[in-house]
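Below are two complexes that have subunit A in common, paired first with subunit B and then with subunit C.
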Partner chain A sequence: MDEKKKKLLIADDEENILILYKLEFEEEGYEVLTAPSALEALKLIDSEKPDLLIMDICMPEMDGIEALGKILSKNNKLPVILNSAYSSYKDNFMSWCANAYVVKSSDLTELKETVTRVLKEAGRN
Partner chain B sequence: MSGINLSRDVLTMILAGGQGQRLYPLTKHRSKPAVPFGGIYRIIDFTLSNCINSKLFRIFLLTQYKSYSLEKHINLGWSYLFRSELSEFIYTVPPQQRLADNWYTGTADAIFQNIYLLEMIRPKYLLILSGDHIYKMNYARLLDFHVDTGSDLTIACQRVPLNEARKFGVMSIDGDKRVISFKEKPQNPDPLPDDSSSCLCNMGIYVFNTDFLVKTLGRDAKAESAHDFGKNIIPSVIPTARVRAYEFLDENRKNVQYWRDIGTLDSYYETSMDLVGVDPLFNLYDYDWPIRTFQRQLPPAKTVFGSGNYPEIPERSGIVMDSVISGGVIISGARVENSILSPRVRVNSYAYVKDSIIMNDCIIGRNAVVRNAIIDKEVIIPEGHKIGLDLENDRKFFTVTDNGIVIIPKKSPFLKEMK
Partner chain C sequence: MSELRHDPIQKRWVIIAPERGIRPSSYYQVQPGSAGEDEFCPFCEGNEDKTPPEILAYRESGMPENGRGWRVRVVPNKYPALRIEGSLDRKGVGYYDAMGGIGAHEVIIETPFHDEDMADMSVNNLARIFKAFKERMTDLSQDSRFRYVLGFKNYGKSAGSTLDHPHSQIIALPITPRNVAMELKSAKEHYQLKERCLFCDIFQYEIEAGERIIRVTEDFIGYTPYASRFPFEIWIAPRTHSHDFTLIQDKQMNSLAELLKEVLMRLRKALNNPPYNLIIHNSPNIKGSKKRSHYWETLEYDWHWHIELTPKIIPTAGFEWGTGFYINPVSPEEAAKYLREIEVY
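Showing the complex of A and B:
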C-alpha cells in the first residue's frame, strides 16, 4: 500500500494522553503529531498541514473551544474532533461547529471509529 | 397566536456596519446607518423604532466602520429606553476579533464572529435586521408567523416589479409559503404564480431558530463560502430545512408598500424628498407608529420679516413652502421651497433655497442661492454664493450626482476661487 499516511495532530495538556494516543494511532497506521497546548497546535496546523485534529477542551492559556474558533475563522477545512473528559461542553455553541465531540474514555474504540468517519466525511480518506 | 414571549425568547441583532461607499461623501465621517435623514432622524432610527414598536427590547447593533457617530447617537437617544432591571438592553458591538483577525467578510460572518453573544443570551429565536433601510414593520407578526409555521428560518420578503428585481435575492414559494428556490441577483427573475409582473424579493430580515442557525454557521465556516446569508446560507439550507417566506405587511398604511434601501446619493435624495409632499409616501406623523430619534432641546423654528407688509410680499420676507423644518431653524428674510432643513439651520436675507436638503448648523448667507443640493452639517455658504445653478463649476469642487444633485461634505470650507 503506497498510499500516503494520514497525518493526525493531537492537542492535549496531559502528557500521558499524548503518549497513549500517539502509540495507539500509529498502530492504526497514522502519522501522529502532538501538541501540549492549543497555541502550539495552531502553529503546527500552519506548518505541518495535518489531515485531522483531535483536541482537548480544558487546557491552560487557550482552551480548545477558543482554538476551534480561530481555526474556523481562517476558513480552515481541517476537520476537528473535540475530545474532553467532560460532556458538559456539548452544549456550547462553538463546540457544535466541530466535526465531532467524543468524551474521553480508556477505551479508544469510539475515538478511532470517529476519526475514520470524520476523515471519510471530509473526503480525506 | 404563537405564545412566543418577545422579551424572553427573542434576541435582535442589527447589522449596522455598512460602509455605504456609494453614499460618499455623506459617509465620509460616519457609517451608513448614522447618515442623517428627514431633518432630525438618522437612518438607523427607522429600524430601531420598528423594534420598540414591536416590543423588542434586547438588541445588539453590530457596528464596524466609522462607528463613533452611530454609538454616540445610540447612547444619547436610545439607551435610556431600555431597562436593565428587566433584562432589556441595546449595545453597540464593534468587531471583537475573538475568532478572526479580520473584519466581517459577509453578513453571516458578522453573526458567526459574535457567536459568543448568542452563547451568553441563549435566545430561542434570533431576529436579524439591517440598519440601512427605511420602512415600518411589526416584527412581532413575523415572529408569530415563524413560530406558528414551525420553521427553522423565515425570510421577510416583498413584491417587487420584475424589472427591478435583479438587484435582490429572488425566491419562489409553494402554497405553504415554503421557499423552494432562492437566487441572489438573478438575470431572469421568476415571476409570482398569481402576478406575472412581479416577484418575491428578500428584504434582508431573517428569523432563525438559534440552534439551527449555529449549526448552519458552523458548517458554512468550514465551506468555500463568502459567508453571506443571501449568497450562501439561504441557498444551502433550502433543500433540507423548513424555510418560509413572510410577506411584508406595511405599517405605513398607504396604497403602495414603502420600503427603501438607500443605496445611492440619488436614491437618498429621492427618498428624502418623499417626505415633503402634501400627502407624503412615508408618513412621519402617524402617532400609532412613532419614529423616535435623539433630539436636543431646541427653540421652535422661526421665520422673520414680512409682518405688516401684506398683501404684497416684499422681497425680504421669511417664507417657507412645502418643506420640513426642524427645531432651532431661523428663516430670516429668505425663501425656502420644497426642502428639508435640519435643526439650527439659518437662512439669511434674500437667500433662496429650493429642492435641497440642508443638515444641522448650516448657515446660508445673504443673497445665496442653493438648488438641488445636499449640504452636510456645519457648512457656511458665503454671501451671494450660488450652488446648483452652474453644475460645471460645482463639479470642480464637489460631488455632483447623475441626476444633478450637488453634495457638499460636512464642514466644507468655501474659498474665494469657488465663485
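Showing the complex of A and C:
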C-alpha cells in the first residue's frame, strides 16, 4: 500500500497551515513532507523527489513565484499548485507556469480535488 | 517658476514645476526598468505549453500551432479579470448600476526572445506587433457587447510588468473607460464648435511651434504634450486624420514602428531604460450602441487615435489622487529638447 502512496511536498511559512495540510492529506492517503520556506522546499525537491508540490506565494527570503522559476528551470515536470491567500498573484504571468492556482480556504475540498486532478493530468496517479 | 497648464483634451490642469538646478538628465534611472531575473519564462520559445492555446501567431510556414517557430504570438490570459462567456445583464441595484463581468483579456508575446526589448527589435517585428494589435482589436470589436478595446504595454516592474519577456496586452471592456470618455467628449465638443478635429488642430500647432517635437515623419508626429502629466510623457499620432487604429495600413504600420523604435531608443538612452506604460487610445466600439447611434455620428471626424507613452520615473502620490492634478517637474519643452538631442544612431 505504501508503495502506491504519492508524495506531496507542502511549502508554507505558516506552521499551522503545514500541520493542518499534513493531517488532511495524510488522511487522504498521501505521504506528506513539509517545508517552512521556499529555500527548504528546493532542497527537499532534490533529495525527496516528491510527486507534487503545493506552495504558498508570500514567504520570506524567497517567494513562491521566484521559487517556481527556479524549480522549472531545473525540473519542468514537477507538478506545482500555487496556494495563496490572495488571488492577486494571478496577475503575475509566472503564475501561469504552475499547474494550478488555488486560493486558500478553510474548506480544503477544492485543494484536494485539484491535487487529484493535477496528479492525474501529470500521469502520476 | 511653476506654471499651471490646461490640458484641452482631458480638461485637466497640470502644474509644470521645474526644480531650479535640476536638469532632465537628473532623471536618469539608477535601476533599469526590469521586472526581475526569471530563470524560467512561460513566454520564451519552447515553453508554449505553459500558456493557453494561441489565438493568433505569425510563424514560419509549415510550423505547427502552439509550437516553436513563431515571431509574435497572442494567447488569452490564463486568469482573466473579465470573461468572454455570459451576458451583460445591465441592471440597477438600488441607486447603483451593475453589469456582468464580460470582457476579454489577451496577451501579445512580442518576440520569442526573452531579452529583446521593443527598442532593440527590428522595425519589421515592431510592425508585426502592431499588426497583431490590429487583428485582435478588429476581431474583438465584432462583439457588440464590448464598448471599448484597449491595447497597452507595461514595461518594467514599477510600470506594472510582472515578467521581463516583452509583451503587451489587450482588454475588451463592456464600458468606455472614464479617461477615454473625457477625451471623446472634448473632441466632440471641439468638433461641434469648430467643425475641426481637436487633435489635428493640436498636432498642427505643435508642428508649427516645434519646441515640444521629438520627431515628425511623413506619417506620424512624436511630441511631448503641452500639459504633460509626467516627465518625458510622449504622444505619437498619425498626421493624417484617422479615428480608428484598426484602419491602419501596412505602410503606416512600418512608419509607426520606425518612429516608436526611435522614440524608445532615445528614451532608453536619456533615462537609462526607464519603466513605462504605452497605451493605444483608440475609438470606442460603437457596434453595440445602436440606441445612441446619433451620439456617435461625428465620431469618424472628431476623434483621432493616438499612442500615449508615460515613463514611470516619479511617484503618483496624495496630491495627484486627491486633486486629479499632476505636478510635473520637467517641462515638456526641456524633455523634448533633451530627447531630440540624444544621439542614438
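Here is the rule we go by: the second predicted complex is superposed on the first by the 120 of 125 C-alpha atoms of A that agree within 3 Å, B and C clash if a C-alpha of one lies under 4 Å from a C-alpha of the other, contacts with A are read in each partner's own complex, and residues count from 1 in each chain.
We take it that contacts are C-beta pairs under 8 Å (C-beta built on N, C-alpha and C of every residue); 3 or more make two chains touch, one makes a residue touch a chain.
In this text the structure is predicted, and so the values were computed from the model without any measurement.
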Combined model on subunit A: subunit C and subunit B, fit or clash: clash
Partner chain(s) touched by A:58 [first = subunit B, second = subunit C, both, neither]: neither
First (subunit B), second (subunit C), both or neither touched by A:69: both
Which superposed partner A:101 touches (first subunit B, second subunit C, both, neither): second
Touched partner set for A:39, first subunit B, second subunit C, both or neither: neither
First, second, both or neither for A:90, with subunit B first and subunit C second: second
Subunit B versus subunit C as contact partner of A:20, first or second or both or neither: neither
Identified clashing stretch of subunit C versus subunit B [20-28, 92-100, 164-172 or 290-298]: 164-172
Contact residues of subunit A, present in both the subunit B and the subunit C interface: 66, 69-70, 72-73, 76, 92-94, 96-97
Subunit A residues within the subunit C interface of the complex: 66, 68-73, 76, 90-97, 101
Footprint of subunit B on subunit A - complex, ascending: 66, 69-70, 72-77, 92-94, 96-98
Subunit B - residues contacting subunit A, complex: 98-101, 112-113, 115-116, 118-119, 211, 214-215, 217-218, 221-222, 224-225
Contacting residues of subunit C [partner subunit A, same complex]: 36, 38-43, 47, 50-51, 78-79, 107, 162-163, 165, 167
